[in-house]
Every structure is written in C-alpha cells, then in structure tokens.
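Can you keep this structure in mind? I'll have questions shortly.
Per-chain residue numbering starts at 1, and chain names A, B, C and D are given in the order in which the chains are listed.
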Amino acid sequence: MIVPFEQILILAGLLFFIGMGGLLAWRANLIMMLVSIEVMLNAVMLVFVAGSARWGNAEGQFFAIFIMALTSAEVSLALAMVVYLHRRKHTVNTDMFSELKG
Amino acid sequence: MIEQAIFYILAAVAVIGTILAITEKHPVHAIMYLVTSLFSMAVIFFLLMAPLVAAFEVILYAGAIMVLFLFVIMMLDLGHPEQGMSPGWQTWWPALLLSTISIVSLVVVIISHRAVMAAPAAALSIREVARHLFQEHGLAVELVSLQLLFALVGALYLGKQPTGKDAK
Amino acid sequence: MTAFSLDILLFALKLALVFFVILTLAAYLVFAERRVLAWVQDRKGPNRVGPCGLLQPLADLIKLLTKEDVVPSAADHWLFYLAPAMAAIPAILIFAVIPFGAPLTIYGRQLPLVVADLNVGLLFFLALSSIAVYGVAIGGWASNSKYSLLGGIRGLAQLISYELSMGLSLVPIVMLSRSFNLTDIVAAQERVPFIVYQPLAFIIFLISITAECKRIPFDLPEAEGELVAGFHTEYSGMRFGLFFVGEYINIIVLGGLATTFFLGGWHGPLLAPVVWFSLKTLAFAFFFIWMRGTLPRLRYDQLMHFGWKVLTPLALVNIVVTGWWLALT
Amino acid sequence: MSFFSDTRAILGGFRVTLAHMLRKPVTIQYPEQKRTPYPRFRARIVLTRDPDGGERCVACYLCSAACPVDCISMQSAEQENGRRYAAWFRINFSRCIFCGLCAEACPTLAIQMTPDYEICTRDIMDLVYEKEDLLIDGCGKDSSYNFYKHAGIGVTQPRGEGQEESRPLDIRSLLP
C-alpha cells in the first residue's frame, strides 16, 4: 500500500458524496444526473481496488471490472433513453416528463 | 515516498475535477473536467497495483462512456447552459448539507476505527487475476456478458425510429 | 550513485532521441506524402526548398509558426486551445510502449530499446488511442461552426466503432503470445511473425488503424468535399499544424504497432534490429500514402455499416477460431 | 461472388497507382524549362502591318464589339485620302481572356494573337497596352494580305487596281 487504507477510503467517500450532492442538485437535467451517477460508481470502484491492494486479493479487481461492464450497459441504455425522450419533447428537463404525476 | 506524493496530487486533482464537473453549468465542460478526474483515478488504480483496472478505466470510462455522453450532447445540441436547467441556490443547499454531513460522519467513523498500517500485500500479476476471474467467477462473467447483450438490444429498440404504421 | 545517474542519463538520452526522431519523421512524412502523391499523379511534388526539396518541412514549419492565429469569436476559447494538444499528445505517448530494437548493452548495463516496458502495453495503446477521440470531438465542437461540428460528430462515431474492431483484432495476438506486454509479443514472433497465423486479424487491424488515423478512405471527419476540412476548419497557424503533425505521428506510431503485432517487430535477418523496425514501419507509412493516392472516400453509412456489420463480426469469428485452434494444438 | 471481384478491383486500383508512381512525371519546371507553344497559341495580342509597311487596322470597331470582356478600345480617324486608321488603340490585358474573338472578327487581319504568353507584371497598370506597344513591324500570320488591295473600294488606289479585281464595268458602254 502506498498510503494508509483509510486515506483512500476518505478519498472514495469524498468522491461518492460529491457525486451524491450533484445528483440531488441536478434533478432537472438528465445528462448531469447520469454524470453524477458515474462519479459515484467510480468512487465505489476505488474502494474495491483499494481493498484488493490492501489484502492482496484479486476479487476487488473483479468487482471493479464488473462495475465497469455494468456501467457501460447502464449508460448505453440511459443515453438511448435520453435520445428517445429528446425526440419526444425536444428537452432533457425531467420536470417536463411528469404526465404520470397524480 | 514519491508514490505517496503522486497519490496526494492525483487525489487532489480527482476531487477538484469532480467538484468542478458537478458545479459546471456547461455539459461539455463538465464532461472534460470529469475526464481529467477519471484520468487521475486511473493512475491511482495503477499505483494500487491494478494496471488492468487502470487501463480499462481509461478505455471504458474516458474512452467510451464519456465519449458517448459527449456524442449525445453534441448530437442533441444540449450545450446551452442559458436555457436554464441548472440548479439554483435553493436546490444546491440541501444537497450540500446532506453531502457535508455524510462526508463528516464518514471521516469520523474511519478515523475512530483507525487500524494499524497493513503490511504491503504482494502485487498480483495479470495472468493470476485472469485465472481467478475465469476459473472461479465464470458464471459472473457470463451474466455480465448477457446483461451487455440485453443492454444492446434495449438500446437498439429505444433508438429505433418509428417507421410505417407505428409513426403517428 | 554513479550507476544510478548513468541509468538516468541513458534513459534521458533515449527519451530525447525517440522524441526527436518521431517529430522529425512526422515532418518528413508530410514531405514524403506530398512527393509520393505527386508521383502517383504524374507530377514532381515540392522540390524547390533545398536539394530535392528536402528542407520543405522546415519551410512549412516556419510558415505555420508565423501565421496569424485566428480564433473565432464565438468559439469556446479554452477547449479550442486545448483540442490540438489533445489530438497530438496521445499519439506521441503511444510510442512509449513500442519496442523498437533489441536491448542494447552499453558500459556493461542493459538498455532496453523501449521507453516504458509496461506489462499492460497493449491496453495502454488502446486506452490512449481512445483518448485521441477527444481532440477531434472537442476541436469540432469548440469551433462553433457547422462544418466543424459535423466533422467532430463523425469523428466520434467513426473512431469509437473502429476502435472496437481494432481491439478485437488484437485479442488473437494476445492469445498467441500469452501477454499484454509488447516486448513479449515481439519475443514470441522470433521465428514466425504472427501475420502468418493471423492474416485475417492483420487485415482487420490494418483497416481499423486506417480509420483510426482518419486517413483516406476513412477521412470522413475532415472530408474536404463535403465539410471543407471538418473538425479543423476553423483552425489556423500552428494549432492546425498540431492537428496535422498529430495525424502523421499517428501514422508512424500505428505503423510501428502493426509491425510489432504482426510483422515480428525488430526481428529480421542480416540488418540491425532498429533498421528492420524502421523499414517495416516506413513500409506501413508508404502503404498509407499509396492508399491515399488510390482509394476514394467512403460514404458515411457505408463506413458505419462496414465497421459494425463486417469488421466486428469477422474479428469475433477470428477470436473463436483462434481459441479452437489453440485448444486443439 | 462479389467479394472476390471487389477485392480484385481494389487491388487493380493499387496496381494502377503503383504503375503511375514509377512513370516519369509530365511536369514542366516552368521558369527554367519553357514549353514551346504552337504557332496558333492564343496569347499576347499584336497589331500587324500590311506588306507595304502601313498599318492594317482600319478602326472598324469590330474587335471591340466582339470582345466579350470589353478590353479593347480605340478612336477612329481618317486620312485625307479616306484611309481609316486608329488614332489611339488600347488593349487592357488585365481584362483580356485570350478568347481570340477579336482576331476572328478582324476583317483586315490587323489584330492577331501571338504565342508570347509571359506578359505578367507586378504593376497592373503596365498591362494596359497602347497602340505603340501593340504595333509590330511584321505582317503576322498572312504576310501577303493587304486589305485595301482586296477591298474593292477606291481609297488608296483607283478602283480595279487591286488584286484579283477586275476593272469596274462601265455601264454606260452598254448604252445604245
């Protein structure tokens, strides 16, 4: 380990909560919401990789790789959805898609 | 020692880049800040003896996912911050408050559970990682590939232009 | 301490040499391209500056450096400044992992002729080539011009799709050499170069790298006929020069990679290893120029169709067949 | 199968370009190596003289009318004996497109085109040629042609004195 494990955890936590703050703040813009989710997933990956390095175990790296595969699937679907929504209303503002709100 | 200094620099770049990405009003600029942050993350992964993850981080995150974002922003012409979808102060402060509370509590928890400095574990070679991955987690790999296939089909379905009688 | 400083000195020397050679070679490749294209078209090409026009690259450089640097007023300034660098730097960085000669022995110590012997060298190359997309996309977007934007979008889509087939065509190489390290890949081809085992992968890789360095017949991001100059329409002076030099460095680097992956790297009889490597790389560069003089530009839908429906499935089939073959032998 | 024919076509293209690469370039290195133009090459315009040494131009304005870019201008004048000539004659070569219509229109073969194609200068005003610049001391392409000897009008010589011209018929001789 190059630095104590705790410091990496703090870094990952910082990134995760910055992403969370962004997600909460950008509720109107679909693109920025997705970007914030990417940040959070990335922070989780950092924890897994740090754990893998801390205990010399390859499982953490697998999880990081799986997370990446999941993220690419998620982003491809989500962006297809963005394109679809934009085609319907010419905006990506989430407040415009509230027809089902009771 | 040098590695430690590099780590701190990279951590600072990652955090600052992410903060700028989240607060930037312009989507394209936000993407560029995030790419910077992802780069430093990739180098951190490299320092943490996971070169495979570092390479995939750049190939997949910076090279594919962020490019996809950029593509959608450019194609749908979303780069207009003046169209007013950016959050105001009223939406920022609860988010900030929640994040700050979470970060502070996390730091407190981590520091209170201060463990002894771990002995450096041996670096894993890529060959070993690959053997573990495909021997012990073959099912997971198959599941992930299936999921990628589903995502592909779903994206194709969503992206299909309505033709013929489907169109209004 | 002296041994350490000697190591540092040798390393710095190697780095400077590689940097100098690559940049000079890129400049002279521009000149060579103009001459060879002229020959293809029964012309003579630039032959005024210096003997046989050999100082032409220098004249071009001076011209580009002294030109006015125009920035469109509606452009996104920071990204506009950043984009040429993002196009040129990854191209140079990729060369760091290419072994260009057999390890030298100087003063009793080994000097491997590769800048950085990474154990994920192949992935490093793929990662950096996926970063090169940003130069095109950001350059096209930040210019705030319709032609540039269209060029940038085309570049994005094209580079992403061909990167996929390029990566997949390299999987059989990794399976055969059992390593991501480029030095190991070269060492595995000591007797037989991989082009003998993997002709299909070689062809797929060749087509993909042509698309990757945006050369004719895949130069849709800068199609002169339709998009004026595509993503660098608004650039002038040395910023345009950086895009230009980046493209030619890309040719050299990708030629070097094709040499490393398929033609046995620096292995070869009689001549020195470095000479063999340079010869093979320059042969690829010549092939790119020859191709530019021969083939017309593809249409955009043909390009996407070819990449996704022909090259990618072929590369996948190739991987499966190689796997079977390896399992049987 | 189209795959094989397509591949063959692409390789054929490569073969053609390679063959051209090894061919000698057709380029002529202009300032050092000049091409000899053909005699009928259409370049700098001159005004020629007839075999007797007089000006051929009769200032009929036909060249000026034929010129599509209006680069020819002149002023006609008449000698005492009725012989017309141009008081001044000007061709603006910065406008001239070297189409040759003026030379075709000229009834006296005065205006002719020469193979001298190197007439560019640094100052555009130098390209406005006056009559003294245009007039040459030779006959040009048809060295024996003399308009007034063919014209059948008595201006420089009595009627009937010209070449291939019979004497005018005296209609009164037929009177009873």
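One rule holds for everything that comes next: a residue touches a chain if its C-beta (ideal position, glycine included) is under 8 Å from a C-beta of that chain, and two chains touch if they have at least 3 such contacts.
As the structure is a prediction and not an experimental result, all values here were calculated from the model.
Go through A-B and B-C and name the pair with more C-beta contacts between its chains.
Between the chain pairs A-B and B-C, A-B carries more contacts.
Hey, which chain is the most central one here, using CA centres?
Here the chain at the core of the arrangement is C.
Could you give the separation in Å between the centres of chain A and chain B, each centre being the mean of its C-alpha atoms?
Using C-alpha averages as centres, the distance is 6 Å.
Roughly how many whole angstrom separate the Cα centroids of chain A and chain D?
Roughly 80 Å, centre to centre.
Averaging only over C-alpha atoms, locate the centres of chain A and chain C and give their separation in whole Å.
Distance between chain centres: 33 Å.
Roughly how far is chain B from chain C, going centre to centre by Cα mean, in whole Å?
Between these chains, centre-to-centre, one finds 28 Å.
For chain B, which residues are shared contacts with two or more other chains?
In chain B, 52, 56, 64, 68, 75 touch at least two other chains.
If each chain is a dot and touching chains are joined, what shape do you get: line, ring, star, complete or other?
Contact pattern: an open line, chains touching in sequence.
Output every touching chain pair, sorted by label.
A-B, B-C, C-D
Applying the document's contact rule, which stretches of chain C touch chain D when the two form their complex?
Answer in residue numbers: 36, 38-44, 290-291, 293-295.
In the complex formed with chain B, which residues of chain C make contact?
76, 79, 82, 118-120, 123-124, 126-128, 130-131, 133-134, 137-138, 140-141, 149, 152-153, 156-157, 160, 163, 167, 178, 180
Please give the residue numbers of chain A that touch chain B in the complex, ascending.
1-11, 13-15, 17-29, 31-32, 34-36, 38-39, 42, 45-46, 49-50, 52-62, 64-66, 68-77, 79-84, 86, 92-93
In the complex, go through chain B and note every residue touching chain A.
3-4, 7-8, 11, 14-15, 18-19, 21-23, 27, 30-31, 34, 37-38, 41, 44-45, 47-50, 52-53, 56-57, 60-61, 64-65, 68-69, 72-73, 75-76, 78, 85-87, 91-92, 94-96, 98-99, 102-103, 106-107, 110-111, 114-115, 117-118, 120-122, 124, 128-129, 132-133, 137, 140, 144-145, 147-148, 150-152, 154-155, 158-159
What residues on chain B touch chain C, complex-wise?
Residue positions touching the partner: 28-29, 32, 35, 42, 51-52, 54-56, 58-59, 62-64, 67-68, 70-71, 74-75, 79, 125-127.
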